[in-house]
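Each of the two complexes below includes chain A, the first together with chain B, the second together with chain C.
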Partner chain A sequence: MHRFTGSDRALALLILALAGCGFLILVGPVIVVLVTSFTSSRALQFPPPGFTLQWYRELFDPARSAQIHIAAGNSLMVAVLTAVVATSLATAAALAITRSRAGWARVAEGGFMAPLVLPGIAFGLASLMFFSWLRQPPSLALLVAGHAMIAAPFALRTVGASAAGLDPALLESSAALGAGPWRTFRRVTLPLILPGVAAGAFLAFVSSLDNVPVSLFLASAQTDMLPIRMWGMMETALDVRVAAASGVLVAVAFVLLLAMDRAVGLARRMSG
Partner chain B sequence: MTENGVWRLALPLALAQMLFFVAPLLLLAATSFATDENLRAWSLRAWRDALGDDFNIASVINTLRLGALAVLATAVFAVPLALVHMAAGPTLRRVILIAAVLPLLTSVVVRTFAWIVILGREGVINATLQGLGITSAPVPLLQTEHGLILALTQIEMPLMLLPLLAALARIDPALLDASASLGGSLFRTLRKVVLPMALPGLIAGATLVFASAATAFISQGVIGGGRLNYLPAQVWQQAMVVFDWPLAAALAITLMGSVLVVAAALSLLGAKARHA
Partner chain C sequence: MDGVRVRYGQTLAVRDVTLGVEPGEMLALLGPSGCGKTTLLRTVAGFIRADAGRVLVDGNAIDHLPPGRRGVGIVFQSYALFPHMSAAENVAYGLEARRLPKAEIVRKVEAALAAVRMESFAERRPRALSGGQQQRVALARALAIEPSILLLDEPFAALDRSLRLDLQLEIKRIQRRFGVTAVLVTHDQDEAMSMSDRMAVMNAGRVEQVAPPAEVYDRPATAFVAGFVGTTNRLYGRVEAREGEDYRIRLDAGATVTAASPRGFAVGERVLVCARPEQLTLRDAGDADPAAFPARLRQSLPIGPATIHDLETGASEIKLHEARRGAPPPPGPVRIAILPGATPSIFPEGETA
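Up next, the complex of A and B:
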């Protein structure tokens, strides 16, 4: 950039060194998990003494890992439904907020974002109390309701950012040409905000798939969820299948991330 | 839809939040003032137990300390990473961005598991220390506070890094060149130009990291272990093992209150810094 003096060079070196360490701390554990999932040892030695696929074989064995498969199926179903529900609600709300100049819109936006800062464990406990007060036994539908509350702010943010760039003149001309509100939404608004909607749906999906605090309280024997099952596998006798399950989750996340990043610039949207 | 009717689009989310978010929290508050989970009678017993007990007060302090240390630890690495990102070319920028987002997309459980492997007796750190001859026996890292903070540094760093990247992206590169060509040292440019612009991102990141680290139940329990007492474990214990729901509710509200007070203080600090 420009010429450095001596003290500048020392400062720049310090910044580079810390950034390097930070990068290592961010990425290293992900690589450690991937390598460990191929270990031939029963103990969690690193580096592993040898490499096998035995933990993946056990993980995918329908008889020995039946419970994990059920939990994974539940998690996937809840995540898909959560993404649909949270993104629909958030898209409508985001359009309302960006198109209104009134003061309520700012207040509403703050309220809608509240679940992001609120400790998840308090909300999980509150949900358990609420549903047991309503005499509702744990079910996947209740999990979707709880997850959607936490996922909606993510979608609201990405859709809101897309909708902010929407030209009101486009909507007005669509209306002037005789299109109803729904037709205007389908033909004009939605195609324009689609990248934000897609990014929001993806983040809602991931936030549900990874959700611990709500699932912790609402999951039961009938509604076992993958993160909770993996937690159980880590708490008791350390089961190396956790490494294989983690390997699958990391691979899926990485592929999805690259695909979404290519399609809608996801990483950029998350930092915006 | 007219400008006046557009608010109706926000109704479905608002109603859903009332029913599934606000109502449960109100019930949580009510339960903390009740004698049992069926709200048959009111009492302050749960609050006396929650705040009158040294053990619980110690958990509150431990939890706040953990949150604060996690904020410090993530900032130490995230700020330099964000600065390098700002100065880097497009390829390195993309690599840093992917590195920031990837941990966020791999489940907290997976990240916690990774740190069991790294911090364990036969893990990466102990293997390195012994390989270099720095220590002869494995150093205990699991079930310690510094092990937990190291793990939280990675687990929570994306929450600090992403707002910082967003804040620094708003800096006009011409400003940096101007500062440098006017003879400003790197330190001066960082302090006078970059830091004020980075501050909102830093504060947003600090709020998110604090809230997340203070409530990271699984990481606290699995890496920190049973000997370190944090509020989320207390909430879980009272709710699911002892079945004292009023006390669990009072502890959960204490946790929520502590996090919200810190978040409010941080945002006040942010507002003040912007006007200074």
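Up next, the complex of A and C:
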């Protein structure tokens, strides 16, 4: 048996301390914003002097928070459409890339993954210039296009992991039994990669919902996005409703995450 | 198959193979890994396009047809059952793709599962089935579409040894009952011998011999076949005399033996005599028969009803297989003779085995 020596224990303590720090840095701000959203004060301050639900009441008030509601509606619509578009593209790309051993597949994969490492702000500026060069006025469709580029790598990663685990003999088997490509996709491929597709759609949805850099450039007065509106509220008035809106976003993401994990084991997909 | 040739890059995987399968017959493609047998099977299935030659079924070329329209049923080495479908859904898959009426699908699925004795497992997912059960479902799925050819790609490779023989017998029985023409790809000679009506022994993309299993064993066409199917002892020598198809050969080991071959050899030509372990017999060291040659017995292993003798003569090893009679002789010098009536094969010396 291995006996723990002094240096082993010191190492264990160090790792524990680092993990604690990491946890604090990651989770701490979320807790701060959640606590602050219940403040009784009129200012964004931590720790709050008392607790009320007034900011949530105000946030959900249709008259006083109409602007926020419009922005939230836009953001939700764009996020849903982004999830659909990005996941469809990524699924098609992932299936083609995993099936092909050719050099172009590696190049295509690199191209699809590029937005992940490209600075978002540069990509936002570039897409604005690109779309104005094409003489496209700002619209929700442009936002979806921009967000889908940013979100596709997430979906490509999760769908690709699922597709790589697909036994090619299953597809050959389906073909030999007389199924065409469409039936094979619908009855064999899609059901088997569905966990990866769902996980990819979830990640695309979340990444679109809180995207700032691309929205900053592509959003307009008519297509106000929630994160942009929240930033505006912070800049002008230090509005506590921003904390409440953050609280709602965190809650929504958390509930979705739990639901996804229940359904398809997101944690497993991410590590694949 | 008519002059089928498949090329991978610069390598020829299958070299101009012409091979026929009779209706209702089970033909085994036997060979070491990389000999092209799986490539040949995949060409028939339609997953690979031949670079030359044609694949014909009942005289009609099927090369232009996609796999699903060729009327072939395939059982893959991994079985390739759809993991998210029950056994019955797996079997129904090919029938649904053919857009058969629902009632007919239900009836055919039941019949196919009953044929492989899996009717009580119809609702199980593949994961909840054993390897042997999965294989039977895969067979039912391949047979349900009533294929004109059944292709079996190493179907027993993933099974326990103890299970194999039972399933081999069962699949053979089912194949006979359905009267379906079948091609079995395998690297296991026992499997090829027990299952097939004829076997095609392949090496380096070529078919070396096509014959019923017993004939392949008794009269191997090439030194490769002699070495690959069963065990063989290689004895080198020189042709001393010829009389029709009978040859008298002076072995390097120091004996004069007679053997027959339809191939023509010249007097004085160097030859390779391939003798099966059971075609040889042990003699005393003092035996004076000029047809026996000296060897040294290293050890004797009793295996079931037989004894395997491990011997060496000069630089070469000899395996000798005899019925077990009492205690084996002690290790040391002995002589080896070819059994009277045994028919060892002769090949040119240069032929690689």
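One rule holds in what follows: the second predicted complex is superposed on the first by the 268 of 272 C-alpha atoms of A that agree within 3 Å, B and C clash if a C-alpha of one lies under 4 Å from a C-alpha of the other, contacts with A are read in each partner's own complex, and residues count from 1 in each chain.
Rule of thumb we're sticking to: a contact is a pair of C-beta atoms (placed from the backbone, for glycine too) under 8 Å apart; a residue touches a chain by one contact, two chains touch by 3 or more.
Values in this document were obtained by computation on a predicted structure and should not be read as measured data.
Applying the stated contact rule after C-alpha superposition, one finds that A:179 touches chain C and leaves chain B untouched. Of the two partners chain B and chain C, it is B that touches the larger number of chain A residues. Of the two partner chains placed around the shared chain by superposition, chain C is the only one that A:187 touches, whereas chain B remains out of contact.
When the shared chain is aligned, chain B comes close enough to touch A:120, but chain C does not. In the superposition on chain A, A:51 makes contact with neither chain B nor chain C. In the superposition on chain A, A:18 makes contact with chain B only, while chain C stays out of contact range. Once chain A of one complex is fitted onto chain A of the other, the partner contacts of A:99 are limited to chain B, with no touch recorded for chain C.
Chain A residues in contact with chain B (one complex) as well as with chain C (other complex) do not exist. Chain A contributes residues 167, 169-170, 172-180, 183, 187-188, 191-192 to its touches with chain C in the complex. On chain C, the positions that touch chain A within their shared complex are 45-47, 66-69, 72-74, 76-78, 80, 82-84, 93-94, 97-98, 141, 145.
Those residues of chain B lying in contact with chain A across their complex are 1, 3, 6-10, 12-14, 16-17, 20-21, 23-25, 27-28, 31, 37, 76-81, 83-84, 87, 94, 96-118, 120, 122-124, 127, 153-154, 157-158, 161-163, 165-166, 169, 176-177, 180-181, 185-187, 190, 207-208, 211, 214-215, 217-218, 221-222, 232, 235-236, 239-240, 245, 248-249, 252-253, 255-256, 259-260, 263.
Chain A makes touch with chain B in their complex at residues 1-2, 4-5, 7-8, 11-12, 14-19, 21-23, 25-30, 32-33, 36, 43-47, 88-90, 92-93, 95-97, 99-102, 104-105, 108, 111-112, 114-123, 125-130, 132-133, 145-146, 148-149, 152, 156, 181, 206, 209-210, 212-213, 216-217, 227, 230-231, 234-235, 238, 242-243, 246, 249-250, 253-254, 256-257, 261, 266-268, 270-272.
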